[in-house]
Amino acid sequence: MNKDRNYIFEMPMKVRDYEVDSEGIVNNAVYLHYLEHTRHEFCEWAGLSFREMHSRGIDPVLSKVTVEYKHPLGLGQRFVSKLGLGRRGPLFVFRQDLFTEDGNPVVRADVEVACIENGRLTRGLPLVEAFGKYLEEK
Amino acid sequence: MNKDRNYIFEMPMKVRDYEVDSEGIVNNAVYLHYLEHTRHEFCEWAGLSFREMHSRGIDPVLSKVTVEYKHPLGLGQRFVSKLGLGRRGPLFVFRQDLFTEDGNPVVRADVEVACIENGRLTRGLPLVEAFGKYLEEK
Amino acid sequence: MNKDRNYIFEMPMKVRDYEVDSEGIVNNAVYLHYLEHTRHEFCEWAGLSFREMHSRGIDPVLSKVTVEYKHPLGLGQRFVSKLGLGRRGPLFVFRQDLFTEDGNPVVRADVEVACIENGRLTRGLPLVEAFGKYLEEK
Amino acid sequence: MNKDRNYIFEMPMKVRDYEVDSEGIVNNAVYLHYLEHTRHEFCEWAGLSFREMHSRGIDPVLSKVTVEYKHPLGLGQRFVSKLGLGRRGPLFVFRQDLFTEDGNPVVRADVEVACIENGRLTRGLPLVEAFGKYLEEK
C-alpha cells in the first residue's frame, strides 16, 4: 500500500473498546501496543520469540520510534498491521504501518531496535541469522 | 467516611486523561490500577516494598477482588484513595475505598491477598511482622 | 467446565506481552479488560453493540465485579473466555470465566451491570428483548 | 539539561508498578502516557485545559511523535518530566524530555500537534493566544 515499504508479515486486528479515549478515538499510546504486539507475533512466527531471545541472553531494546498519525481508529474498528524489516548500522528497523480494511493509512511508523547481548550492544548476529531471509537488504 | 472501615493510609490521586474511555468516565479496569498503586505505596511507606518482599522470596498474590462501583470519575478529577488492612484466615484483606474530594464514594473494594513464600502458600508471618501494627484485628 | 455455569458465548484470546507485569504474569487489572472485551464482542455478536445501545440512549454501567484469581497467565499464553448471562433483580449478571487451553481455570468472575436509560436506572427492557434468548432464567 | 531545549514546565512523576513489563522496565508505550499527561497538566496550568478546548470546538490532534529511548525506568523510580513549546508551520511542537532524579536522560521526544477547529485544520490562533508567552519563537 506504501510503495516504498516491503512488508513481510501482516495480521488483522480489531480495536478493543477500552483502547478508545474520551475523544472517541484510539489513544495515541495504544498504537505503540499494536506495533509491539505485531513485532512479537512476527518474531514468534519467524521462529524466534522474545522469550527465547531472552533465555539466550539476547535482549532487543527500542532505541527510537517515529510515528506519523494519519487517520484515527474508532470503537470496534478492524484494521491490518503490516511489517517490514531492515537495518541501519547495527540497528534493526521495523517499518510498521497500520491500515483500515479499505486500505487507508492509519499509522506509519519506524521502530529502531538495538540488540543487547549479555549487557553489551552488539550487531545482533543471532537475530540476523534468524531473520536474515526477511531482511530487506543485506 | 465508611463507618465500618478503619483506614490506616490514604493518598490523593488525579485521573489522567488516557484513563477515561469513550463514555467520558474512567474505565472499570483502571480502578484496579489505582487500588494496586495505593497498596504498593502503602507497603513502601510501611517499610516493606513489593521489591523487597520479592527479593526475600515472598510473593503476595491476589486471590479475590470485589469492587462496587458507586459513582464514576471523569476527566481531570481529583480523588482520595483510602486503605485499611485486616485478615481472613491466612489471607490479608485490603479494604480499599476511593472518594471524590467532596467525600462521595467512588469505589468500594475488598482485595484478598495470599502470601506465597518460596512457591508455597503460607500465613505470611514476615508480612504480619512488618504490617502488624496496621492490622485491624489480630 | 464449571458445572454451575451455562456459557452462551466463548472466544479464544492470547496474552499480549505488554499485558504481563514485572512478576512475569498478567497484571490483575488486565483480566477486567479481557472480560469487558468479551462482553462487548458478545453483544455485537448477539446483535446489539454498545455503540448502538448508546445511540439509543441506553447505557449499561457496571455496578459490581467479583473476580477470583485461580491461576495466572504468562507471556504469549493462549486462553478461552466464556460467558453466561443471568439476572439479579433489575441487574444483568455476566458470569465470565477464563480457562487455559487445557481447561484449567484462570479467572472466575461475576459482573453486575445496571441499565441506565436517559439518565435513569431501569429494568433494561430493550436489553431483555435483545438478549432474552440468552438469559439463563426468565 | 539538554542545552538546546528551553523548558517552560516540569513536573515530578513516579513509575507505577503496573507500568513495568516482564523485562523489569517501563513498557515503551507507557512513556507516551507520561508525555500526554504532562502536556495536559501543562495546558491546565497555563489556563486552557483540553476539556475547555474541546468545549470551544478546538481539538488538538497528534500528527507525529518521535521518541528516543535513552535509559529505561524501573519499578518505583522517580523521574522528572520537562516540556518546551515551539511551532513548525501550522503545527505546535512539544519538546518533551524525561530525566531521572540525578538528571540522566530517560526519553527525548518531539510531539507535533495539529489544531482542528470545527473539523478543519487551522493555525490554532486561540491556542497561540493562550500559550503565546510560552512559545519559544514567535
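Things worth noting here:
Order of writing sets the labels: A, B, C and D. Residues in every chain begin at 1.
The definition used in the following text is that a contact is a pair of C-beta atoms (placed from the backbone, for glycine too) under 8 Å apart; a residue touches a chain by one contact, two chains touch by 3 or more.
Treat the numbers as computed from the prediction; the structure is a model and nothing was measured.
Remark: among chain pairs A-C and A-D, A-D carries the greater number of C-beta contacts. Across the assembly, the mean Cα position most removed from that of chain B is the one of A.
If you average the CA atoms of chain A and of chain D, the two centres end up 23 Å from each other.
Distance between chain C and chain D, defined via averaged C-alpha coordinates, is recorded as 35 Å. Centre-to-centre separation of chain A and chain C, using mean CA positions: 30 Å. For chain C, residues touching at least two other chains, in rising order: 17-18, 27, 29, 33, 36, 75. Chain B contributes residues 23, 27-30, 32-33, 36, 54, 59, 61-69, 72 to its touches with chain C in the complex.
Against chain D, in their complex, chain C makes its touches with residues 17-18, 20-22, 24, 27, 29, 75. Of all residues in chain A, those touching chain C in their complex are 16-18, 33, 36-37, 40, 44, 49-51, 75-76.
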